[in-house]
Amino acid sequence: MNTVASEYSSEVQSTPIEHSFNPYSDNGGTILGIAGEDFAVLAGDTRHTTDYSINSRYEPKVFDVGDNIIMSANGFAADGEALLKRFKNSLKWYHFDNNEKKLSMSAAARNIQQLLYGKRFFPYYVHTIIAGLDEDGKGSVFSFDPVGSYEREQCRAGGAAASLIMPFLDNQVNFKNQYVPGTDGKEKRHIKFLTVDEVVRLVRDAFTSATERHIHVGDGLEILIVTKDGVRKEFYELKRD
Amino acid sequence: MNHDPFSWGRPSDETYGAYDTKIAQAPAFPKMNTTQPIVTGTSVISMKYNNGVIIAADNLGSYGSLLRFTNVERLIPVGNSTVVGISGDISDMQHIEDLLEEMKTENNYDNSYVDDEEALKPSYVFEYLATVMYNRRSKMNPLWNAIIVAGMEDKKPFLRYVNLLGVTYSSPTLATGFGAHLALPLMRRVVDREDDIEKTTLEVAENTILESMKILYYRDARSSRKFSMAIIDNDQGLILKKGLQVENMSWEFAKNIRGYGTQKV
Amino acid sequence: MFRNNYDGDTVTFSPTGRLFQVEYALEAIKQGSVTVGLRSKNHAVLVALKRNADELSSYQKKIIKCDTHMGLSLAGLAPDARVLSNYLRQQCNYSQLVYNRKLSVEKAGHLLSDKAQRNTQSYGGRPYGVGLLIIGYDNSGAHLLEFQPSGNTLELYGTAIGARSQGSKTYLERVLDEFVDVQTSEELIKFGVEALRQSLKDETLTTDNLSIAIVGKDLPFTLYDGENVSSFL
């Protein structure tokens, strides 16, 4: 094969050349949601990329959508924003039609599945996570795949560095592979709820580590925390290299 | 061979008889979508400073490697607080110009306060363009452009990017195309963080943009010496400078470039 | 017996140049219970008297929110008002989604006018049988509009529509200079409630039959019903 291609080449190719528009791109970034006993957090880095370029060092992707629900759709940013916009809109009309009734987490989750599955054959290329409090006031996190499969979970990482963070979460939130000392690996460590401070520390560790190992993660970390008193925001710097 | 482009890829009539377009309800002519840009404009670069924003783009429309049109204006003012800078396909750009003109006209119909309170703001213009771009990509028929909207809104600088995929983002410095690789690092040297904006004067920002345009002219083969620059300043309003030229060039470095070209070693 | 030959549809003029169906529609407004609207520089207020069909039924809703910056009250056929408010909600929504912009009250008025006017010029339809008062706060400040089924939309400082609304209007005309300059939303509401009182006959205002809505600078459209209006009685 020629290393330098002439613009006027007429070589016969062995495979057909595809001339089509690719409607997707990957804008990097990673997100992480953890549910506590009476709170839930959803965090995301603020770097926005395409290929090897950093487009922005601060482009938030975790949002307070109202009714004490926070949401993020990570992956192809344009689809993420479109999905978020559609869900916010759906919530607005839910309020109009139901006399300002508060949307529950389980209802929000089902609604998002409908939005995602509605584009089953031209999917929103995103990993979606929502966090909030359930009807009993317990912390709740729901996560979705691009076409709407969803599940309630204790914790979930999504996006570029999900595979780096998720095993860490299994170990530190659900105490997987942890055993009570002196039992010779016979007795599993008992699961307990973490405090807000513990969770924020975990999240920060997860993101600083992901920043070290993944080029599409970094610049800033924005953590949104839901409690019965509302949504709170925290920001921490991450490495910008 | 039949050289009519509408017949390309069709079974030949001699062998199979006339093509029956009724099969699969196919229209007589195929629907054509954009799969590549034709005449293109190169980078748009922009940055915020302590009292506004600057945006610049050169005046060239390239047809592949041919410098086809040499007097193309790619900075479009919309109202008196917004400038839209467009790179990519020039015919799509001109279509976007039409859309913006239509947007202005519609606003004039609807409002009696168009000159002040209900004047178009940069964020309105941006949201509209972003919606158009995302909708077109979702129809698999994109407008092949990368766009930067710059302006002043509520006395604060506004800067946001959208491209053919509908991907959007903001930053104190923005550049499209080659500019994202060549000019952005130079501009980020001056304004990297949000709080650097306050420390940057118009003069410093203007010089940075001029230097960046010079670097782009040096290293981007599809760029031109002639360019336009717009400043949207909180006090001075919108200033569009046309017909500027890259000045004070030094091509000294060129003779030291090795590895390609005609020299041996 | 005299019978009007020119009121059968909305597309035929009478020899004197009138459209009777449209005029009858304007009469429908007067069948509805009264609602008052007024505005100062920074706020706009709606006050409405709700009616119930009988003692055991609920009260008919009089004020409808369209967006965080806009809402309306109605007098006349409530189902028609639902159609129109739904239309305005959609238009507000569209403006927000496509232009990142709050629909200006003026444009909202134009949109309603156009929609109502179409009914007066096509055969087989009827005009809307409802009058609306629209309040909103946009880039150019607080606004109050009155919408009529004829397609007219007027901007006003204060007005009232519905049964015996003239009493409220007369009162508002008298105190115009006072309420246009008030600073707080509470004061403006008081003027509104007092205006509404001028249109009452046998009724007395209670927490059950009074509805109030306010919108203004840094104040999203808020509806007060039931116990929330007790402080304004």
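Observations
All chains are identified by letter, namely A, B and C, in their written order; residue positions are counted from 1 within each chain.
One rule holds in what follows: contacts are C-beta pairs under 8 Å (C-beta built on N, C-alpha and C of every residue); 3 or more make two chains touch, one makes a residue touch a chain.
What you see is a predicted model; the values in this text were computed from it and never measured.
Set against the Cα centre of chain A, the chain with the most distant centre is C. Across the structure, the highest number of inter-chain C-beta contacts is found for A-B. If you average the Cα atoms of chain A and of chain B, the two centres end up 31 Å apart.
Averaged Cα coordinates give chain A a centre that lies 45 Å from the centre of chain C.
A separation of 46 Å divides the Cα centre of chain B from that of chain C. Multi-chain contact residues, meaning those touching two or more other chains, occur in chain C at positions 97. Contacts from chain B toward chain C in the complex involve residues 110-113, 116-118, 121, 123-124, 126-128, 131. By the touch criterion stated above, chain C contacts chain B in their complex at residues 97-101, 104, 106-107, 110, 138-141. Looking at the complex, you find that chain A touches chain B at residues 7, 19-21, 23-25, 27, 48, 50, 53, 55-59, 76-78, 81-82, 122.
Against chain A, in their complex, chain C makes its touches with residues 65, 89, 93, 97.
Across the complex, chain A meets chain C through its residues 85, 89, 92, 96.
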